[in-house]
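Each of the next two complexes has chain A plus one other chain: chain B in the first, chain C in the second.
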Partner chain A sequence: MSFRDTMLDEYKEILKTYINDQTEQALYMSQKFSRKSIEYKISPEEMISLHKTSIMELAPDLPESLLLSLDILLEVMMSYGLAYREHQSLRTIQRELINEIEVAANMQQTLLGTQIPHISSVDIGAISVPAKQMSGDYYHFVSHENGAVSVAIADIIGKGIPAALCMSMIKYSMDSMPENSHTPGDVLERLNRVVEQNVDPTMFITMFSGLYNPGNHTFYYSSAGHEPGFYYNGETGAFEELKAKGLLLGVDKKAKYREYERKVEVGDAILLMSDGVTECRTKDGFIEIDTLVGYIEKYIHLGAQDIADKVYKELEFLQDFQLRDDFTLIIIKRTA
Partner chain B sequence: MNISIDVQERDHQTTITLAGEIDAYTAPKLREAAFPYTEKQHANVVIDLSGVTYMDSTGLGVFVGLFKSLNANEGTLELNGLSDRLKRLFDITGLADIMNINPKAEGGI
Partner chain C sequence: MMDSSVKIINEWDIVAARQLGRNVAKELGFGTVDQARITTAISELARNIYLYAGQGEITIEKIESGTKKGMTIISRDAGPGIPDLRKVMEDGFSTSGGLGAGLPGVKRLMDEFSIESTPGEGTLIQSVKWLK
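This part shows the complex of A and B:
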């Protein structure tokens, strides 16, 4: 018995039951049958042909006009059938695309991975949590031959694949900078030229670029429109904003980035963050800078990674565990 | 999470009055509504933000886009009525130095 015959028998049975006593059961059976026929890719016009064959057997004395009308109905349904098949093939393509994007996203994660450097006398911790599947936040560390460490934290405005490509661009530009030009201002000026030329005009990047030199324990930094970080003075327990002026990357190719520096003493800490931290919204409004500083203060005695993790947990709790924006926090603490 | 956009054109000037929140969800609506006015030659676009209660970086992206488009077409952009929080965003990003930005008028003279 062919597949068509099996389906035909089943359909005929349903039709017969219904013609005889109009039960709910028959209606339920026909719904089930419809799901099955979709599963086996039976087109609408085939359904009508099935119907015609069945009804001719079940009620041979039907008027000719009714049977003829089914031919017209069948012709009319042809386009629906075509549309349906097209829909099916688009769904297959869509599934393939989703798979490919997932592969790309995973690959991106691997490519963009950055190692937190280990240098003596400095403890570094970092946490970055995306609000959605793909993050617009990015951070990167580069260790230099002379022992210095470059750190960059960026927020790419614009999401999805362009943002992802943009992150790769930042990473490779940073990795391939010559050893003699990794001062934060240089890094930003160079990246700004790259971004200005290559990126869609409505997309731009805020970035904070820093360089920690353990030789003289000085932190050099520049900002391209990025949320200012904080400086923690271990002796006085005071926090202050690491203010730095500079235009967003990708707006003006002639932009210059001023470099600032800060002598870091034992027990001092540098905190860098994305605007997902300071723009954290609670049900009562925005988080106040004092509240944020309060949390950091509460955990400042811990290791750098612990501080980052604990502060994140507090803010996550404040927002009822629903991040609205990507969250990135980097802590650099001088220990000896 | 909603935005209202009101556009008035008078004497070679387009005034766009915004109210509500500008975030990842509403920013595309704003971009769509405002962009065509920036693409004419020598257009003057004034945007009133005094009714905007929240804006995130996606919103900022729209203003950068409008600014670049107007610059390319020799037009001007003026942003008025910014709250302290909004003003801070433009200050931090360095945009306040290159764009024409006027904060909300303080009470009294």
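This part shows the complex of A and C:
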């Protein structure tokens, strides 16, 4: 027998017990009963009707006014019942959405996947961790025929799914860029036109584009409003900001991006990051740049990937393991 | 087959439509819970006419199919129509802000539900409740 067949008897029993002597036991039974009736999708209006039927059988001499009042209660519960049923169906939809986002997030990881290039005399490491399921950060490496390596790091202003969709577009524009136009300024100018034409005007993208030439050990770079990177001087142990000026992508389709260059000596390192690194927040506010530099200094003697992983671990700990923004850190270190 | 209609012009006509629906539901032998469901569905439909179409009509029909007995609520108006039917049938979308109300609510309260609407011409909603 199903619950629907026995619920009238069950309910009547509880009601009778309570009317005879007002025990906590009976109240506990009714709590259990309500859990069960929710499980079997009994609506609030059905409960009122069940109550009315039960009380009429248990106490046939109840005043008419009391019974009539239950009609009003039943009518009032109708809207609660509808709201409850809508809630149930929205919950199912929510569960489906969460599953879909999970699939999309996995897809994004595959889609945006990039191989860290291996070239002699240069050690490269990278880490990128999304704050939510979908990342608005993006980094990309391209190895060129002449041995040079392009690196790009971008951050969408905005998070979640819209940012992720936008990232996919950037990725494909970069993939379809001709082999002969990989100077950082060129890359940004092309992407800027793509973004300006295709992206909602309220969405902006910052990007840092670099090219490492192992032939002359020079790093060429341009920035579209992106977080400045750091340059580590291996000889003096000093850190300085890798400053570059340039407009955010998508603001002005005629924007030009100036190219900077830097000679890289053995032991020097280039550190590129998203604002999730520099704007890492603790309960006392943003971390100081000195704190960040301190961590990098602590691990700079390690391999590039180890530096990235260890700095991330430190900052993750500092933020009580709650990332507020997508985090991306790239280390390029000249070893020989 | 008997049918009868109520013109919906002002808010009080909603009450008249409910009353007509309740009488028919009682006659057919629907229990109090189903009576409340049927009248709530009529209320929603009549209210939609009153709020969005200005005027229209609610018709109640007794129906039979084999051994089954039931009733149909027909809501008809010559109002502006509904441009996006999928949207109004979506949970959580309600222009009047009522939780769970609106057309998805009517669909849940009844056993069968169909809607036709042409922008500029009006809307026809038919919904059936069977006696169990």
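The rule we apply is simple: the second predicted complex is superposed on the first by the 280 of 336 C-alpha atoms of A that agree within 3 Å, B and C clash if a C-alpha of one lies under 4 Å from a C-alpha of the other, contacts with A are read in each partner's own complex, and residues count from 1 in each chain.
The rule we apply is simple: contacts are C-beta pairs under 8 Å (C-beta built on N, C-alpha and C of every residue); 3 or more make two chains touch, one makes a residue touch a chain.
The structure presented is a predicted model; accordingly, all values stated were derived computationally and were not measured.
When the two complexes are overlaid on their common chain A, residue A:Asp155 makes contact with chain B while staying clear of chain C. In the superposed pair of complexes, A:Tyr260 makes contact with neither chain B nor chain C. When the shared chain is aligned, no partner comes close enough to touch A:Tyr299: not chain B, not chain C.
In the overlay built on the shared chain, the residue A:Tyr18 is in contact with neither chain B nor chain C. In the superposition on chain A, contact is made by A:Glu227 with chain B only, not with chain C. Of the two partner chains placed around the shared chain by superposition, chain B is the only one that A:Thr206 touches, whereas chain C remains out of contact.
Looking at the superposed arrangement, the partner reaching more residues of chain A, out of chain B and chain C, is B. When the two complexes are superposed on chain A, none of the residues of chain A touches both chain B and chain C.
Residues 136, 155, 157-159, 201-204, 206, 224-228, 245-248, 251-252, 255, 275, 279, 281, 286, 325 of chain A are the ones touching chain B in the complex. Chain contact summary for the complex, chain B toward chain A: residues 24, 31, 54, 56-58, 60-62, 64-65, 67-69, 85, 92-95, 97-98.
In the complex of the two chains, the chain C residues touching chain A come out as 31-33, 36-37, 40, 91-92, 98-101, 104-105, 108-109. Interface residues of chain A, counted against chain C in their complex, comprise 45-46, 49, 52, 71, 74-75, 78-79, 81-87, 89-90, 93.
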